[in-house]
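Both of the next two complexes hold chain A, though its partner changes from chain B to chain C.
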Partner chain A sequence: MSTAAQSRIVPYTFVLPALILMFVILLAPVIVAAILSFTDYGLGNTTVSWVGWENYEKIFKRSHYEKMMTATLLYVIVVVPVSLGLGLGAALLINSLRWGGDIYKTIYFLPVMAALLAMAIVWEFTLHPTIGIINDTLTSYCDVAWLRSWEWYDQGCKDTFPLWLGDKRYALWTLCFIGIWQAFGFNMVLYLAGLTSIPRELYHAAELDGAKSAWDRFRLVTWPMLGPTTVFVVTITAIRSFQVFDTVEAIFPDSGGPAKSAYVMMFVIYEKGIKHNLIGFGAAVTMLFLIFVLIMTFIQHRLVDRRTHYS
Partner chain B sequence: MAGVALNDVRKSFGSTEVLKGVNLDIADGEFIALVGPSGCGKSTLLRIIAGLEAQSSGDVVIGERTVNAVRPSDRDLAMVFQSYALYPHLTVEENMMVPLKLRDLSGIERLPLVGHLMPSRWRKMRDVRRIVDETADMLKMRDLLKRKPGQLSGGQRQRVAVGRAMVRKPVAFLMDEPLSNLDAALRVHMRSEIADLHRQLATTFIYVTHDQAEALTMSDRVAVMMEGELLQVDTPDNVYRDPVDLRVAEFIGSPKMNTLPGRVDGAGKVTTVGNYRLHRSLKARSRDIVVGLRPEHLDIAAKAPNGRHLPVTVRHKENLGSDYFVHADVDGTGHRLIVRTRPETAQSLPYQSSAQVWSVNEQAVVFGEDNARIYFETGEA
Partner chain C sequence: MIGSQTNLGEALKHLVLILGALTVILPFYVMLSYSLKSPSEIERNVGGFVGAQAPMVDERCVKLNEPGKSEIAAAKPRFAGRSEREIKEKLVEELRQKCTMSPVVFNYSKAFSEAPLLRYLLNGLIVTLSIFFIQVLVALPCAYALAKLQFWGRSFVFGLVIFCLLIPVHAIALPLYIILSKAGLTNTYAALIVPWTISVFGIFLMRQFFLTVPDDLIDAARMDGMSEFSIVWRVMLPTAIPALLAFAIFSVVAHWNDYFWPRVVITGNRDLFTPPLGLREFKGDADGSFYGPMMATATIIVAPLIIAFLLAQRRFIEGITLTGMK
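Coming up: the complex of A and B.
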């Protein structure tokens, strides 16, 4: 081999192992899943037939998959902004403390560290219609007159308070609540990190420029300077919300919620692909899920690109 | 426009006192430089004037108003920060609009969407744009208006920071080492620009720097600060020629003033180490002193013309083109002197050769062991 040819090939041989690993571990499974999503494959099946777009057609035509889309998107649309707002609020409050901030940080971060599966069981007890502490507490205030003037509360006292997890009008919202409870501590930590990186001098400049109210300083300095953090928080929280599974599996292991009101995507993948051994169909839902995540990531990249002048 | 007065301003952080009772009267329209080594409290003093930091005791008076309890945004001052502190997400134009918007637009007019629909906002924004355009013209940065701070060079950012400070026509400008992030050539250029700007605006400038050259070249008066105290407040000329304190003498001037320990005898005559005697007599008798000799007050040659001299050994020569700085050790003492001399003289003195140094016209400033200046009996103010 000539030296020139050799020097052209050698660099590639160094890169090759990494490329192979990347392909085998990261890309190949996605490609395999994509192929499987066009088949009726099930684990242990001896025959596999190509079914084309049939799996995808099912997702978009059958009513309980429509419920899947509604439940998943609703969950994301509720959890992302609320946990972001609470996380930012908590971070701002903790950041303004002279001391004791560490204690609050630890407490708010606890739900993030706890296993959501275990926590879901605790919430299941808490929200139990008869022995749960929530409805017990609500019932015990039934003799307070001004609370009774609230129609929903009055109704609850006369009849019963909601079956938080058993009523299709409440189940998904209750799951959202647990999701927010779990996610906002994480967002708070991200925002706290973002806040510490804002130069103090910008606040001083804002003060001398005449920003008198906290709102003015927030508008002029804090919020714009947290822009990159916000993009990251939104992406991460959205992806994690798309992935919600543990709470649904722990609380509604067989059904996906009353009237499939909490029939989220991850749960469908698990139920169809693993439990029912409809791997082809599970793969199709997985592909859909991947597309959502890719869209999120793409949007994040565009936003981060636009903000390259932050420095 | 207004003058600024500080009355016995003190500041302590815990048990360390960083400002030990500062008194300073800054006239309306004056350019005063606060200069001192890092950690002397000059930046703290500026931040106290701005209101970003509260003094432990003492008064800050702006114009006729004591502003101790007035928050920074109501003091009508503008500040240029060392880091420029531009809002990175806003364009240059928007950065410069910020102070005007915050002053002129009501809270509702500043709201996104809703505010933009209000006719009163449009009217006010016309004025805001006009002022920003005028300021940009004055600073010759019209073509930068649409850019963001991240796309600007250090000098351009500095200019934008000055522009943002100018638009509101504040009663005084506070500048906290605004040139220290620039490269040397640009710094020299910006010095003259800032001095020009002061002449045009005729507003009070309070300029903090650790660079004595900046202080000397730009300001009407220099306030030399050290360890939380103002040692001398005077014109650049007086601070250089007639320092009242040894620390001032050593801080101002580059290269540093030479100092030699010495003694004044019973007749007021000064003798330094190396047995060099001055003929002038001092207003002090029989005590140890420090004799300060500026490099340009000394001269060097292989043989001194009139006999009286300090014997030295040449150690190092710095060629500045027009002049040389010759570094020489006083024989037998280890004291180093820096002497400014003509190139031909310096070239005639080889390294490690013996030479003789003398004081031209007996120019010297003498200090007591307590750093306080001691004057000669004649020929000095």
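Coming up: the complex of A and C.
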């Protein structure tokens, strides 16, 4: 073979392994899921039949899948803005400190490094109704009069404090709290990076134009300049929150929460598709999930595009 | 006046941040504290952070090593003239002494003896490192070709990479699981590793990095008669070390901590459990008195990355937030 022909082949040998793996591992499964979502397939079944939209109809008609949608969306709608707000707040505070900022940065980033499964189990103990440190601490301040004037607290002292993860009114909110606890340090770091890239002159210019208060400076300079960071933070946090699984499976392995209050999508895919071998149905949930992710990424791209045109 | 006001502001900021820090640290405190304390201290919520460390008897150890007939017979010469029951009592007493230890030792030794924790840690290491090396092996040549070589279909391949960035691997777990199980690969190391061998993000990242490498460097290498293959591994790889290091951290942290995927593909075989899976199994088995060892297990699993992070914070933050570069 001539060297010219060889050099024409070389690029293909370089991209071929990646190309094959992309097809087999990423694209083929999407197609497989799309097809299976219209069947009643299960591993080991001898017959497979085409069931049309039945699996999708189930998702929208049965009450516990309604709970799945509610739990998943509620989780995302709570975790995304709160972890964004806390991340931004922490970044602004740390950035404006004269000293000591690095210590907080380190501490707030710790949950990002720790295995969420392990920390979910630890939180479960921390929030344990009888031996947990939280309810124990709450009970120990029951003789403080001004705290008792808070109705919720008074009720807790008279009766019992919430079971948190064991109570359907609190379970999902508690999971949201753990999710926020884990995610906001990541957002903080992204915002800190965003803050350092804002040119100082912009603040001076804003001041000359009459932006006197800190709020004005934030509204006119900081927030718009952090736009791209915010778009990214929202997308990545939303996609990750949609995928919440570790905390739910660790704490509610058999049920998806009291009264299925934490019956999130990834847990359903795992429970129905893998544990119960209802692969057709699991595939339908998978497709729905992918559509959600696609929509979010699409919105992100639109927002980023508009910003670039704007600037 | 202004000075004192800003000092007050500064103090308030610290106050808010300290409250936040305490909330963030709380579970780490609980985890470490429970891993040090005795079961009764955990149950009654006493003993502060480290507990009293009063020696405790490990009842399981006593039960497991209860002296049988042969031990009693063997001990006869030591207790001449005593009845068998008396000898047994003496032996049990000795045994209780031997099974007495401080709660820390109890918790951490149980973490390793009740479950093959070392094996889990080794599996975690094998899986995370294999994933990273294969990712680099696949991504680097592809990224080089996309950045520096001209070929028909290049923009198609790059478009495909961008498209695949949209697909979260966890989301397609179910069809992947079916494909793997049809191939007879569930409950193998391959099942843990194969789905992660392609990192489109890695390809994208390295391509962006290679675009900044001057063409002159590559041309000079070609003049020296280097093949494209050795250019990738002997010229491009060394220039890419900082980016690769960041990617390594990103990849290793994600897969050491991953729980979902191992849960899906490893069903029964404990020999293949990764650390999070092992901890989860420990929780499933645990009865009332085993909170301590369980928290010790959690501490051991979480510690390597936390320690590495504390030692090289800047690099870790860079690596974990790599996704921000998209």
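Quick notes on this one:
Quick note on the criterion: the second predicted complex is superposed on the first by the 283 of 311 C-alpha atoms of A that agree within 3 Å, B and C clash if a C-alpha of one lies under 4 Å from a C-alpha of the other, contacts with A are read in each partner's own complex, and residues count from 1 in each chain.
Convention: contacts are C-beta pairs under 8 Å (C-beta built on N, C-alpha and C of every residue); 3 or more make two chains touch, one makes a residue touch a chain.
None of the values given here were measured: they were computed from a predicted structure.
When both complexes are superposed on chain A, chain B and chain C end up sitting side by side without clashing.
When both complexes are overlaid on chain A, the residue A:A211 reaches chain B alone and has no touch with chain C.
Of the two partners chain B and chain C, more chain A residues are in touch with C. Once the two complexes are overlaid on the shared chain, A:V48 sits clear of chain B and of chain C alike. Within the superposed three-chain model, A:I291 lies out of touch with both chain B and chain C [touch as defined at top]. When the shared chain is aligned, chain C comes close enough to touch A:A118, but chain B does not.
One geometric descriptor of the composite model is the angle centred on chain A: between the Cα centres of chain B and chain C it reads 100 degrees, in steps of 10. Once chain A of one complex is fitted onto chain A of the other, the partner contacts of A:L19 are limited to chain C, with no touch recorded for chain B.
Using the contact criterion defined above for the overlaid structures, shared-chain residue A:A250 touches chain C, although it does not reach chain B. In the overlay built on the shared chain, the residue A:L110 is in contact with chain C alone; chain B does not reach it.
When the two structures are aligned on the shared chain, A:V144 is found in touch with neither chain B nor chain C.
Superposed on chain A, the gap between chain B and chain C at their nearest CA atoms measures out to 11 angstrom in whole units.
The residues of chain C lying in touch with chain A in their complex are 10, 13-14, 16-17, 20-21, 23-28, 30-31, 34, 42-45, 137-139, 141-142, 144-146, 149-151, 154, 157, 160-161, 164, 166-179, 181, 194-195, 197-198, 200, 203, 228-229, 232, 253, 256-257, 259-260, 263-264, 275-276, 279-280, 283-284, 291, 294-295, 298, 301-302, 305-306, 309-310, 313, 316-317, 320-321, 323-324, 326.
Listed in rising order, the residues of chain B touching chain A in the complex are 50, 52, 71-74, 77-79, 81-83, 85-90, 98-99, 102-103, 107, 110, 148-151, 164, 168. Against chain C, the residues of chain A that register as touching in their complex are 7-8, 10-15, 17-19, 21-22, 24-30, 32-33, 36, 43, 86, 90, 93-94, 96-98, 100, 103-104, 106-119, 121-123, 125-126, 131, 133, 136, 181, 185-186, 189-190, 193, 229, 232, 236, 239, 243, 245-246, 249-250, 253, 266, 269-270, 273-274, 279, 282-283, 286, 289-290, 293-294, 297. On chain A, the positions that touch chain B within their shared complex are 199, 201-202, 204-213, 216, 219-221, 224-225, 227, 307-311.
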